[in-house]
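Going by the order they are written in, the chains are A, B, C and D; count residues from 1 in each one.
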C-alpha cells in the first residue's frame, strides 16, 4: 500500500478517496473553500493514517495576494470553525482555554506558533489580578510557547502536560507549522484537527503527542503548511510530467517511478526541507490571521475591541 | 526606620553597615570587585530587608568599555561564584540543573533572562535522545523562559513550579533583570542570591517567589540592574548636592528632604522607570556574559567546546 | 544668559516667553494641543537659539494610553501640519518628496527614523517601472535610512546630499529621535520644523545639517523626544523642590543651584542618557503613527487604501 | 543553444566545459575547494553568458556542520581571494574601499548583504573625526545597505552611484544573495567576480548594474547562493532520474524533456522560489563569515583586534 507522507487530512483523503468510514463535505466560494473530513471508524483511520476525528481544512490561494479583505474573510471562517469544535466538545462560554504555540521562534519557518501566542488576547490573569478589566464577553484564556527540545532540553509534551495539569483549562488549542505534500498549499491552507497532535506530526518529527489522552482535555490542533521536502517538489514535477504524457498504463509503475525519484533525490539532494523565499512576511501575516480567528472564537468581542485590548 | 528600595544586598548593606547578623567580604582587583554578604540571622534579615542567605555581588564598571578581556574575566568570576553556591548546596557533578530566564522578551530592558536561555548549553535531552553526544564532562541542563503574566495570563511561579515538579532538577538558576538604587550599577553589576527570588523583587513587582519553599529545590537567583526609577536619579542628585554643601546637620532632616523629592517627582514625573539609551547592546553583551558564566559553571567544558556545541 | 539645552522650540520659548520677533499660537482639545511658534526675525532666532522659521509641536500625553482613537487623531493632526508646510513651501500635488529616516536602527531609542521609512508608502518607482499601479491620487515618494556615522563611516549629510542631488525631490522630510528637556514630553510630543535639521541637533550631536542650504530644497524635520539626560531629570527634581518650598528669592540663585546640580551629576553619574523602560513599544507605536501622518499628507488616499498598498 | 540560468560562473562553466577563451584552475582540500574561472575573450564571455573577468568560487559543503574551524578556514580563503583581486586591481594598502550590502533586510533569504554591512569594520570616519583611533594597519572603509526598490522607491544603482561619486572609494565590494542552479550549493558556496554586478543578476532581477562602467571604479561582487527556483529542484530530479536509467540516447531529447519539466512546473507550481528551512541561521553564519573575510582582507589586523574594534 502507498505510504502517505502528509500532515493534512484533506491531502490524505485525496490518496484514499473511497476509504470507508470517512465522510467529507466541501463548501466553497471565490475566496475560501472549507473541507471537512470526518474519520468515523478505525477502518477509516487506518486508510487515512490519522486518528478518528474531525479535520477541517481552509484553502485560500488568494492569501498570497496579501489583500486585507481576504485576511478578514479567512479569519472569520477560522473563527467559525474553531467555534464549531468548541461546541462539539461542549466547551462553555466561560470555560478556560489554553493556547499553545509550538515551534522554534528562532527559525522563521517554524515560528508560527510562538508568534500567534504573542498576538493572543490573554485574559486569565485579569480574573484574579484585575477583575475590573475582565468583561462578561471574555473567557479566561492563557497562552504560552514551550520552545523546542534542542533549546530547552525538555520535550514539548512534558512541558504542556505539567502546565495543563496545574492550570486545568477545559480545552487546549495547539498552533503549529506543518510540512505539506503539495507546494500549492504552502502558506495558503489552514487545517484544524479535533484530535490534537500525535507523535511524529509537525516539523519536529519526534514530538510527543498533545491530545486528550496525554493532556486529559480535548486538544484542537491548528496547523499551516509552511515547508515542503525537496523530494516532494521533485515527485510533483515527475507526476505532472507523467500526466502530461497521458499517464502510465500501470499505476504501480508510476508509483515505482516516484519511489525512484525519492531515492535519487535523497541520495543527491539529501533531506533538504525548503520554504518559500518570502517566509518572513508569510509567517507574519498568518500569525496575525490565526490570532484574529482564535481571539474572535474565544471571546464575544468585536475586532476593534480586541485590537484595543491588545495594544 | 529608613525604607531600602533596592534588589541588591550589597546596596542594602550600605544602608545598614553595622547590622548584627550580617557579615561581608570584599575582594577586588582592577577589573572586578566581588562582595559577599552573608545574612546569618533573622535580625540581620530584618535589618537588610532580605532573607537569611548568601549574596554575592560582582561589580565591574569597565564592562561599559565593551572590552572582550573584561567580559571573559567577569564571566570567569561569575562561573566561580555559581560553582561555590552549587558546592554549598551539595549539588553533585552529575545532578540536573534547570535555568529559568525571567522577564518579557519583547521589552529589551526586561529581556535578559530569555536571552540567557537562548545561549545556555542545554543537554538534558541528549541523555535520552542522543546519548552518543552526551559527554562525561557535561551534566543534564534544561532551560526555559516562562514569559510574563500579561503575555501568558499565567504567573511565572505557577509555570516554573509545575515544570520543576515534573522535571525534578536538583537546583534552579533564575536569571532576571533588576531595578537598581544606583545609576552607577546599571549594566555593570551582577548579583547572585542563594535564597532565590522572593515576591515583590525584580521588575515585575507582583511575581510569586521562586525559592526552595515554593519549588522544593534550592534556587540561585542571578540578576543584573538594568533599570532605575526616575525618582532614584533625582534622590541621587539631591543627595550629592547636600554632600557637596557639607551635608545637613541632621540626618533626619536629610531623609525628610529626600522624601519630599520622592513626593514631588511622583506627582510631576510619575512612576517613570528609565534605562540607558544603549540598552540593546548592554543586554546583548550581558546575556552572552552570563550564559558563558553559567555554561562554564555547569559543565566541565572549555569555552571553545561550548561555542562549538552552541553553534 | 541662560543656556537652553533642548531640541524643542516649544520648550525653548518657555525659557524666553517675551522674546521679540517670536509669535506663537496654541489650539488644543482633550487629546492633542498644537503649538505653533514662528521665529520671524534674527533677534527671535538669537533669543530662542533656533533659526528663523516655523515650529509646530503636537503634545498628546494620552498617547501613553495606547488607545487606537488617540493614535488616529494625532496622526490626523500630524498630516494637517505636514500639509500646511507643503503648501507654505509651494510644493505641488505631483511634486516628488523624499523621506529620510535618521538614526541607528540597532539602538531602539534611536531607531524611529528607520522604522518610519519601513512604513512609508513609496511610489516613485511605480511611475517608471509599474505605471499601471501608480494612481492619480499619489505623488512620487521615495524613502531611505542612511544609517549612522559609526556604522557606515560616512556622515548622514554626505549621504543625503549625494542622493538628493541625483533624485531631485521637491522637498525632504527628515524623521529623527530627539533629546528632551522634559520627562513629560518623552514619547508624547511631535515637533515639526520647516527649517530642517541644523548641526548639533538630535541624538547624534555632530551631525551635519540637513536643510535648504545643504540640500538645495526645503527640509521639514519631524522629531519625537525619546531620550532625556540623567542631569535633566535631576534638574527637574530640584526645580520642583524649590517651587514647592515657595521658590528662591533670587532667580539667579536658582540658576546657580541648578548649575551645581549639573556639576555634581556629571561628576558622579556621568553623561548618562536614559529612555523609558518601555521604549520598544513606544518607538513601534510612534513609527506607525508618524508613517500614517506622512502617508496621509503626501497622498490623497484613504487610510485603508494605504494599508492595502503597504501589505 | 542551451540557456544557462545561473549566477555562478563555476556552474556556467560546467555547461560549456570546452568553451575557448576560458581557463580555469581548481585547488582543493578536505574543507574547501577554490575554483578560478578566467574568461579571457569575448568568445568565452559569450559561451558562458558572463562578462570577461575573473570568477572565484569557494565551495565548502562542510559549512552545513556549523563547525567553528570550518568557518575560520573559509573566512581565511575568502580573505586571500579578496586580497588577490585588490592586488590585481592595483588597490594600495591605504586606498579607501566601500562595502555595499545589497538586498532586503526584511526578507531573511535576501538579507545577507545588509547583515554583512553591520559586521564590517568601518574606519573612514576615524580619519576625520577620531584620528587617534585610526591605525596604520587600517585603511579607510565605509559601508552601507541601500535597500531595495520596493522599499525605497529608488534603484540600488542610482543610490550607489550617487554615494560613490561623492565618497570616491578606490574599489567597491558588493555583497549579495544569489539564486543557484544547484541545491547542493545553497549556503555552502561563495562566488567572487571582479566584474561586479550586471543587470539581471541576483535575486532582484531588474537591478541596474554595479560595475566599473557604472561606478567608475572596479567592483568586486561577493555572492552566496541562498535560494533556488522550484523548477530547478524538479529539473535536478528528472536529470538524476535519467542518469540513473542510463541516460537518454539523444542529448537533445533530454533537453526537450527538461524544458517540458519547466513548462509543467511553471504551470502548476508557479514561480516559486524556495530557500532551506534553516535560512535564519545560515544567513547569520554566512554574514559573520563574509564580514570576517572582508575585514581581514581590508585591514592588517588580527581577528581578535577586529572583534575588539567591532564590540
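Assume a residue touches a chain if its C-beta (ideal position, glycine included) is under 8 Å from a C-beta of that chain, and two chains touch if they have at least 3 such contacts.
Remember, predicted model here, so these are calculated numbers, not experimental data.
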| item | value |
| --- | --- |
| Interface numbering overlap (same over half, different under half) for chain C and chain D | same |
| B-D or A-B, whichever has more C-beta pairs in contact | A-B |
| Chain B-chain C separation of Cα centroids, rounded to whole Å | 37 |
| Distance from the mean Cα position of chain B to that of chain A, given in whole angstrom | 39 |
| Interchain centroid distance [CA atoms averaged], chain B/chain D, Å | 45 |
| Shared-contact residues (touching 2 or more other chains) in chain D | 106 |
| List of chain C residues in touch with chain A within their complex | 66-68, 285, 304, 307-308, 311 |
| Residue numbers on chain B that touch chain C, as the complex places them | 106-110, 183-184, 186, 203, 227-228, 230-231, 233-238, 240-241, 244, 257, 260-261, 264-265, 267-269, 272-281 |
| Contact footprint of chain D on chain C as seen in their complex | 106, 117-118, 122-126, 129, 140-147, 149-155, 158-159, 161-163, 165-167, 206 |
